[in-house]
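Order as written gives the chain letters A, B and C; numbering starts at 1 within each chain.
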Amino acid sequence: MMEKQYETVIGLEVHVELASATKIFCGCSTKFGGAPNTHTCPVCTGMPGSLPVLNRQVVEYALALGLAANCGINQHCRFDRKNYFYPDNPQNYQISQLYVPICHDGWLMVDTSVGPKKIRIHEMHMEEDAGKLIHDEWEDCSLVDYNRSGVPLVEIVSEPDMRSAEEVIAYLEKLRMICQYLGVSDCKLQEGSMRADVNLSVREVGSDKLGTRTEMKNLNSFKAIARAIDGERARQIELLEEGRSVVQETRRWDDNKEYSYAMRSKEDAKDYRYFPDPDLPSVYIDDEWISRVKKAQPEMQPEKAARYQKDYGLSEYDAKQLTQSRHLAELFEKTADLCGNPKKAANWFLGETLRLLKERGLEEEEVEFSPEHLAALIVSVEKGEVNNQGAKEVFEKIFDEDVEPMAYIEAHGLKISQSAGEAKAVVDKILAANADAVEKYKNGEEKVLGFLVGQIMKEMKGKCNPGQMKELIISKVK
Amino acid sequence: MDILENTALSLGKKIRLKEIGVREAVKASLDQIDRQEPKIHAFLDVDEKKVYARVKEVEEGIKAGRYRGPLAGVPIAVKDNICTKGQKTTCASRILGNFVPPYNASAVERLHAAGMIVIGKTNMDEFAMGSTTETSAFGITHNPWNTNHVPGGSSGGSCAAVAAGEAFAALGSDTGGSIRQPSAYCGVTGIKPTYGTVSRYGLIAYASSLDQIGPVARDTADCAALLDVIMGYDAKDSTSMERKSENFLDSLKGDLHGVRIGVPKEYLDLAENLDPDVKKAMVDTIHLLSRNGAIVEFFQLGMVDYVIPAYYIIASAEASSNLARFDGVKYGYRTPEADGLHDMYKKTRAEGFGEEVKRRILLGSFVLSSGYYDAYYLKALRAKALIKKSFDDAFYKYDMILAPASPTTAPEIGKSLQDPLKMYLSDIYTTAVNLAGLPGISIPVAMDSKGLPVGLQLVGNCFSEKKLLDAAYGLEKLRGSFPMAFQAKVEKKHGKERA
Amino acid sequence: MAEHKISDEVMANTELLAKLALTDEEREKSRQEMEKILGYVDKLNELDTEGVEPLISLFPVENVFREDKVVNGDMRDELVDLAPRKKDGQYLVPKTVE
């Protein structure tokens, strides 16, 4: 008997925390990491008599994201209550959108190893985030922090169009890039500002019927998502091979054990009794609002990368790398324009900047140096005022502390000399006057180098960098 | 003249003219509370210390010219589902038995801004669910006209407090008649404003799409003045309406000439349910109004049979969700012992809520549950659309509608709760007004054969409070003075002595 | 008035959704009352609502917004103080993980 071939069918529900300053229905801060319950008020703790008032910025962000993802807009949309009891949900209902979500029927083009693929988006809706529960070992109970309660979310529901972990990650990366370009979310998986639930089923290749799907939660890195997909695919295939069937359920992925567990509770009725929230009037997004948001949309990554190839003469690969983060791309652009040398600027971003990012463990968005400073450094290197080694040292200081490069070069004696010409002339003079020493050096007597440098220093009254002089001598003698 | 004989407005005027001190007025109220409460139990909490601290503030505020309105210095009672900062707000429920809100309802903020003094929190049906104030977890309230009878509900405490002279005015809330019906039962005047007129921020929700705070007082002018104080747009309530400030008090003239009043035929055809005394009051009032320049006509309103079903589906559905937050986690009661989270929820709620509240939460959970949502909830919202339309049609022809506030006068204590459905049916005249968001004012017009007041309501189109209050004021002038229960009893006693 | 029977299963589910622990006696009483009330509200079925849109908001008010400005300070102590059980500025609940 021929072994059965299985296809994995994946749809995603992605939650993205929006970057508004305040929560969706109250004037509390959305800042991450405050002491528990210090960003709360009667509204986001579900106090009796409190009422929600919608944050305009949330609609604006959701609209921008929907338009960027090629969605249709429901110009009249509404909020509904999703009713379920859980302590992270202070009202015991979540304000969400079921019946008329803000966006519907969009798509994203994602890059896969076999070329571009279109992933359809079923809908996007606005909703409020829940609080956080932590387990208290000491008292064997849980503690609730409502700082996150009411932080605005957009949930993006895809169609089941993905077939592999690679496609899933490509889709998520695309989505993250769009969010970051739009500035609607920072999409940090670790901090939970981007969260993906994976709906997965398997079916025999060739079948056009969908299998029974499971929903996996608690996936907080791209790696965990990839492992969870492979693990769940294997688990479902094993069940089918054994002649058993997949149960439609929600499973929690444990990335340490690399296994998912069914989240089942007999108290979970799974009947959310959605109904229109009587506390919130509907939202009307008129044509003017849509066109205003469309107009305000920044140049997105594909257009930016194409422009870099065309205007700056960069390679396709470099242009793509430089545009992964809108923030870095903008820094690059400013630097390139200021120094008039896009290729050199690109090298600094693709080389040293990325290296330091990694070394410092920073996100692209956290890079904060002035493009003027890097541009000045590039010009200085071009003029031969500082050598490559020195320039790297200066750049590190610019990256970390945004120092003014010329002052730093002066202060740290990195300047090759007042003028490169003068230094070169002195070196030539000293070398000519000490031909025997030069001869010794050529024969392998390295220590005469020190003597020569000393002579130059003396001649220049110390106004030069010994290291640079050493390099200069070596370059002349060779 | 005894201070208690004053209406809120005449008291306010005397305070302004320094004929009566704020402290004296408050003391008169507190003394009356001491005298009446053993029989009436209109209040759940009266904190004299806080009241006197506020008196000082108000005295200073009046002196400094900060409080210049017509009700500055007047003591007022507030229903216990309206949040008062630092003072217990329980909704007459065990589940909120110890709840002290750290914020004021917006309506309470407005009372403060007008220089009024909250004298205490009044009893009510638990979470405003009931028509008798008997579902309170903290004891029943007695009707000041006859303490064997209920004061009506759910704002029974507020209406009884005004009738008993314990407060010069009160705030109530009305979801399906909870101001108008007890006002009628207690012989006081109460108005449910157009939905969105008074902010709901800090009103503990029963049914959000129907709830409205409104004034209860001795007469129409007091209601108008109090509505002027509490109405207005509030950015904290998204359903609050921006209405231009109307100054209801100053526009009262009592002009009934040419006012077109419709009387729904169906309302008088409820042969078996409509008390003959109430029917007589209707007929007499119709004659009185038409003799004095109003144009009164009977008409077919329509949809009357569907009002109660639609109301109970919508109100229960919203209640089941609004009351989900009472779970023993953030505030209020929590069961002392439970086996895990969900057991804690279930026990806390079973022990914390009374029978009527549980009944409506169950009903509401059912009508929203999967498989029933369309058949019940959506169907009810469609019926609501038709009910609203039937009123729109009526207001095309009439300026307002005259109707009973209740099919009967106040029933005896203990007679209503055995049959919940029957109790629900008695809301026939009031609930449609909430479904359509309309303003309605209930004013006493007569006494029944048992010596209990009969109240009727005038219902206007949305935002027509000015016209409505003016007509009520006109009707009041035709009716003549109507004593509060505590005044009537004094008269009776004196009469006997003289005889 | 129409008959409306509520099965044990539906009753149990309703109780679960309402998060109420009912005694057998209460359950029976509630069931009977609900059957009676539902029998009555079934009257709505007589009503032809073909083509009638459900009325969600009474007034055509839309776009009631708040500006995105932080206006709330730290209210933790006032709020958490109200909780029946609390620890370290947090709300304490029976453990939620199995």
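Here is the rule we use: a residue touches a chain if its C-beta (ideal position, glycine included) is under 8 Å from a C-beta of that chain, and two chains touch if they have at least 3 such contacts.
For reference, the UniProt names are C = Aspartyl/glutamyl-tRNA(Asn/Gln) amidotransferase subunit C.
Keep in mind it's a predicted model, so treat the numbers as computed, not measured.
Ranking A-B and B-C by contacting C-beta pairs places B-C first. Nearest to the overall CA centre, using the mean of each chain's CA atoms, is chain C.
Averaging Cα coordinates per chain places chain A and chain C 40 Å apart. Computed from the mean C-alpha positions, the centre of chain A lies at a distance of 56 Å from the centre of chain B. If you average the Cα atoms of chain B and of chain C, the two centres end up 24 Å apart. Multi-chain contact residues of chain A, defined as those touching 2 or more other chains: 42, 45, 47, 53-54, 83, 85, 87, 144, 265, 267, 271, 273, 278, 280-281. Residue positions 13, 17, 19, 56-57, 61, 64, 66, 75, 79, 91, 93-96 of chain C each touch two or more of the other chains. Counting partner chains per residue, chain B shows two or more touched chains at residues 99, 102, 209, 235, 238-239, 320, 324, 327, 329-331, 341-342, 345, 365, 369.
Taken together, the chain C residues at the contact with chain A in this complex read 13, 16-17, 19, 56-57, 61-72, 74-76, 79-80, 87-98.
Of all residues in chain B, those touching chain C in their complex are 99-100, 102, 195-196, 209, 235, 238-239, 241, 305-306, 308-310, 312-313, 320, 324, 327-334, 338, 340-347, 349-350, 353, 358-359, 361-366, 369, 376, 378-386, 388, 420-421, 424, 436-437, 462.
Taken together, the chain A residues at the contact with chain C in this complex read 20-22, 26-29, 35-42, 45, 47, 53-59, 76, 78, 83, 85-87, 133-136, 139-146, 265, 267, 269, 271, 273, 276, 278, 280-284.
Within the complex, the chain A residues that touch chain B are 42, 45-54, 81, 83, 85, 87, 90-93, 144, 265, 267, 271, 273-275, 278-281.
Here chain B touches chain A in the complex through residues 82-83, 89, 91, 96, 99, 101-103, 105, 200-205, 207-209, 235-239, 317-318, 320-321, 324-327, 329-331, 341-342, 345, 365, 368-370, 373, 377, going by the rule given at the top.
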